[in-house]
């Protein structure tokens, strides 16, 4: 398949939609909106997987699509909403990097992804380059979201968006073996994180799990040189007081 | 021969293992040390046989070794010479330990291991085995230094010691790496076949000097030595100074003179000469300032190691200038001095151990007058100290005579810069020798002469029967080595051959040592000198006693008219005797203030005030301030910086990872674009 | 024949030196006294002193050890052997092959060590003080001595004293400047070694300034006699050494006959007398310096010796 | 079922049993037995010829690592058997602990044996989750935080690794066609030279960063010190001993594929750079440690850095050095953790200041720990000395200027360990916080320590010809 063919164009379109949704995720200021955008991305991913299944006539991809839709478009967003409600979290997204700045960083990251993907596949299959650039962008944007957002929900969403990028890449390659298993395993990982957020009652951010006040020094005392540490070696002769012939 | 050597090595390892259960009982400790005596004697004998035979044939391939090959053992002249040395000193030290097993059980198992490590280093015929033995030796001796770890200063000493050992490994391994990369193999035969040149060779020189030098105790990496030697039990100090430092010298000689090939330029000698001469002076001066018997001896070791390295440096330079006989002279001086120092320093450390046990202290200011209570120990000590002070006709002088002859011939290299360096080296060596004499005099005079300075010291007694032999044997050896340096050097012929090539001939003829070249060479005839001295002494005594027949009479001390001590102070006021600080005063003022930043402070109360006057003296080793302290500061500063990363939150950790990923991707893009 | 001649000259040399030693000391003292306007004791006075001391019963301190008794003999023997190695009127003496300058320095060190040990034996403050200072001075004197020897070694190719002196006698040395510098250095060392002014005052017993005498305070009888004799021998030896090296004329060559010996003897007596006068003049004109100035004095000597050697390097390098 | 599959599935079966066992001693004993059987299986596996069995593959690279993991698995369960009563686990935690332990062992074996890169990825994910469970098993705040950090950082890491795996397949797909074979390591390696080099490069970067996180390479090492310090000691032993190795072997498998393409950017320098950064950062960080288990966790980072560096250099000698380093480090480091675990139990504290003078109060434990730490520091006669020797010489042989940073890193690290061994073992003993535990606890500590040290000794100085040949073959395999 090449440019101009409908199957490819649709796959491409779906990939582009995911990238767009990644930007939307990055752009949102309210937690609710972030969750909604994520659910949409999950739905688009499911559609992309299903489309690829139809195109490659690989029925297992329908399973992937089903799993992705169920988990990412329905169950996980619901769970996240429940968490937000239950824990009475802030409704606004706290950013470590301003929205504008993170958008710009996102554009830069996408540019890098394209730059990296450009020299690849020279000559072989030009379209793989596009697929790769899209998936890579989604992955990197997910990661960017994890580090530019302070609240736990946004960070979890970032991780899941990253994982969406993985699955997008996996379903996009023709004949990828174990694709169902791998995408499911990746999903399990994400579910674990969500469960962790739930179990550990992480209200605000990853960094401060609210299970108590963690020592600032991660279990270690503040560094204070010990007596033995203070002098690596004593001087040659301790100035001992001596009475005696002073010459 | 090599099979026998392997068996001895196996015996030592077996002893080390057996020592673990045996350590609890004194009889067990005796047994282990007795085994060590036997093993050391066997090693010395092996060394002797190999020297007589001129080599032990092709290397022995051990059935085990590093995972990429086999360990190789070989004994050439150089190995055999040093093997003989550690055999002799090891046997003396073990024998002493047999007489007085160390108190701590923890000091037993590492001892045979220590000996085995040294022997393995000497017999190694590939770089891996050599460094394996070298580091094993360091580790075992660290355990010995740390065996009495209840005391803080011992722990500090042990810590610094092992760190320095790690430093020497961190330098020696790359040094051999540079050689091996050039040669394509670790065996000495392969290394010899492809000697390095240019910058590569310079790197080997620098790393070798740093690595082996720090282990031997060359300035400015000697700071550990005055701490570590005293911390160990006496027989271990004896072995560390007498044998272990020599093993480091062996590595230096093997690396620079043998493995780097004969084609190295003249200037190679210069760093060794400079470092050696500076160590000699610093060590000798510091031994004049210290107040602890074993520390004095340890500093004197720095001085003697400096002499040996000067000899090696001169040998390198002479070889570079195509002066074969002079190179043999310098190398012969180094080898002979290594042996001599090994024996007399072993003796002195053993004496220090006896003094410590008998008089209860190592501090000079608590000792005194021991010649009355321990006449035999005092005699042995005098022999050792006279040798250390380079007095004829004892052993120390023979080798220092050779060394001075080599230095005085330094002008023959024809390179003005090196000539000036050699002249300065001559001055420094002479100064070090005189300072050593001053230090030994101070030590003997304060410890054995005069009056006791403490009640515990007054209650000292002569050493036991077995221990006595442990002192007498090395003392006799010291005398013999002094009288027979000629035959000994002739014996060292194979060693010189492995350092300088087959053509090298030992600077000795019969019983005489030969300095310089050609007909005009100077001679040193120790045996003749001894006979002349003895004859003259005999005649003198007979003459004087004929003219002056009256027996001596005893009376109170004159002391320039001072009054007698009161009854309640049977030895007089101990503090009216010269003290360790007082004896050090002239040199402290003359040299110490500039070299060691020595300070003195006298506090005299005003007239009428009954408080005692106080006198404080102290100094800092320049290496401490210029090398160790900045290194520690730098380490802590960098560590503090790296530590900031640890307080990162998870988000920042992720950011760092993300940044790495992006950087790698950008790098990839850039690389592929080009 | 050569051996016999060597044996004979050696024996004659020894007798000469043994007899000359007290005379040199006495002579210098007498000359000094005359210069200071005193009559002074006869130059033979040291002989009388020695005889008197030998006859007296030696008294040892209660806590003196065998060191006090043995050390004087060691000191004298070491100095004696050193004396035997320095040629006086003839070259090629029996012990000449033994006569190495480095060994000479070591024999003097042995004597010094014995003296310092004796000084410390009883454990008095003065003895320790003297010993510490004596050994400290040596730490500066020996480098100067050895580097001065370096000049000899470069010129003569050896450090054997006999060979050095013979080379210098045969002349052909155009490099007198460096030799002069080395000579000055050696003179400074000689003054130090013999405890002469300006380093030490042989006539003083002022406690805080003395060095050599401080170590002898506890000696008496034959022990003191031996020490006095040792000092005299050492002075004579140094003068003979300077004479042999720097005023080599007139010395009988090895293997020569009695006539040459006689000439050599005459020349030697003249040289020694000259040195004695010079020493007396010098000591009368100069004051003793502070103890801690001595390193500067000897350091200057060392520098001169180094300069001498460096000059030689340059000249041999150009040649 | 082929033997490698049994090796993987047996521990999982044992895990199911263990999750059902509520009784303390019995569970520990069953755990022990299962580990022993695993060791037997591993011994059988080592004697198998190279070959593939579907998704798994037995070759010279994974045989020694698998044997090692079985040995450490057994000794760790011996140690755990002696210490289990002191932990005060409630039944739930007990089941979780033992279950997760065997799940981890199985996953770890699978990660080593997997020929299929996808299966390998899944195995490492399972191992991660199992080890997270074990890290968190104490349930303290610090343990929870450590587990959380571990999970998030490694989760992102393995997600990236999956992306790399996908790209790898993407590169191979045009050449190799559809199907399972497209992720098979041996197949990929065979066709790598015909794949697109750009994709290979990209895949390697993601695999390196992804699996490198698990291997504790700087700058993605942050999880390691906390995870190794807060879980039970046995998890520290298997984490540093096994998980890091599995991750490293995954990196290596990826590296060999990329290296097989002559046109691709050589992957070695990437590994070397990360390795060197790890060595330097960790060796300086060692100087600021106050917690003994964190200290040795940092030491793991340093050693993994050295191993990565060695593998990055490549060549028969470089790879051999790396392999030796991996094996030696696992053996000695877990020995240290056993000793340290016993000490922290005796003193009820992980602070270095609280543990002092072990050699005075418990001579056998103290001196054993001294030897073990010396072995970790790379002193002879143990394996790390041999590997560091080979590594350093090989490095300066090729790039002389590397002598300085590498030598400095190694030296600083050794010095730090010297410092800590003296603080822990020498000097005056600090008082014990608990009554002396029984002989069993000491025996099950000292026994494993000395077994490990003996093995490290054999590995470093007297490796039998068969073992040496296997290592040489593995080094050849990685070329």
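When the chains are written out, they are named A, B, C and D in that same order, and each has its own residue count from 1.
Going forward, a residue touches a chain if its C-beta (ideal position, glycine included) is under 8 Å from a C-beta of that chain, and two chains touch if they have at least 3 such contacts.
In this text the structure is predicted, and so the values were computed from the model without any measurement.
Two chain pairs, B-D and B-C, are compared here, and B-C has more C-beta pairs in contact (counted per touch definition above).
Remark: the per-chain Cα centre closest to the mean position of all protein Cα atoms belongs to B. Taking the mean of the C-alpha atoms as each chain's centre, chain B and chain D sit 42 Å apart.
Chain A and chain C have CA centres that are 92 Å apart. Chain C and chain D have centres, each the mean of its CA atoms, that are 76 Å apart.
Averaged Cα coordinates give chain B a centre that lies 35 Å from the centre of chain C.
For chain A, residues that reach two or more other chains under the stated contact definition are 116, 119, 143, 146, 206, 218, 223, 228, 245, 247.
In chain C, the positions touching at least two other chains are 125, 128-129. Multi-chain contact residues of chain B (touching two or more other chains) are listed as 152, 155, 159, 578, 582, 585-586, 636, 640, 643, 646, 650, 654, 661, 665, 668, 672. Interface of chain A with chain B (complex): residues 96, 109, 112-113, 115-116, 118-119, 140, 143-144, 146-147, 150, 155, 205-207, 216-218, 223, 225, 228, 231-247. Taken in their complex, chain B has these residues touching chain A: 152-153, 155-156, 159-160, 223-224, 226-227, 286, 289-291, 365, 575, 578-582, 585-586, 596, 599, 602, 612-621, 624, 628-629, 631-632, 636, 640, 643, 646-647, 649-652, 654-655, 658, 661-662, 665-666, 668-669, 672-673. The touching residues of chain C, counted against chain B in their complex, run 51, 54-67, 69, 73-74, 76-78, 80-81, 84, 95, 97-98, 100-103, 106-107, 109-110, 112-113, 116-117, 120-129, 131-133, 135-136, 138-147, 149-150, 153-154, 156-160, 163, 207, 217-218, 221-222, 225-226, 291-292, 294-295, 302, 305-306, 309-310, 312-314, 316-317.
Across the complex, chain D is touched by residues 116-117, 119-122, 124-125, 128, 132, 135-136, 139, 143, 146, 159, 162-163, 165-166, 169-170, 173-178, 181-182, 185-186, 188-189, 192-193, 196, 200, 206, 209, 211-215, 218-221, 223, 226, 228-229 of chain A.
On the side of chain B, the complex with chain D involves touching residues 64-68, 71, 106, 127-128, 131-132, 135-136, 138-139, 143, 146, 149-150, 152, 155, 158-159, 162-163, 166-167, 169-171, 173-174, 176-178, 180-182, 186, 200, 203, 207, 635-636, 638-643, 645-646, 648, 650, 653-654, 656-657, 659-661, 664-665, 668, 671-672.
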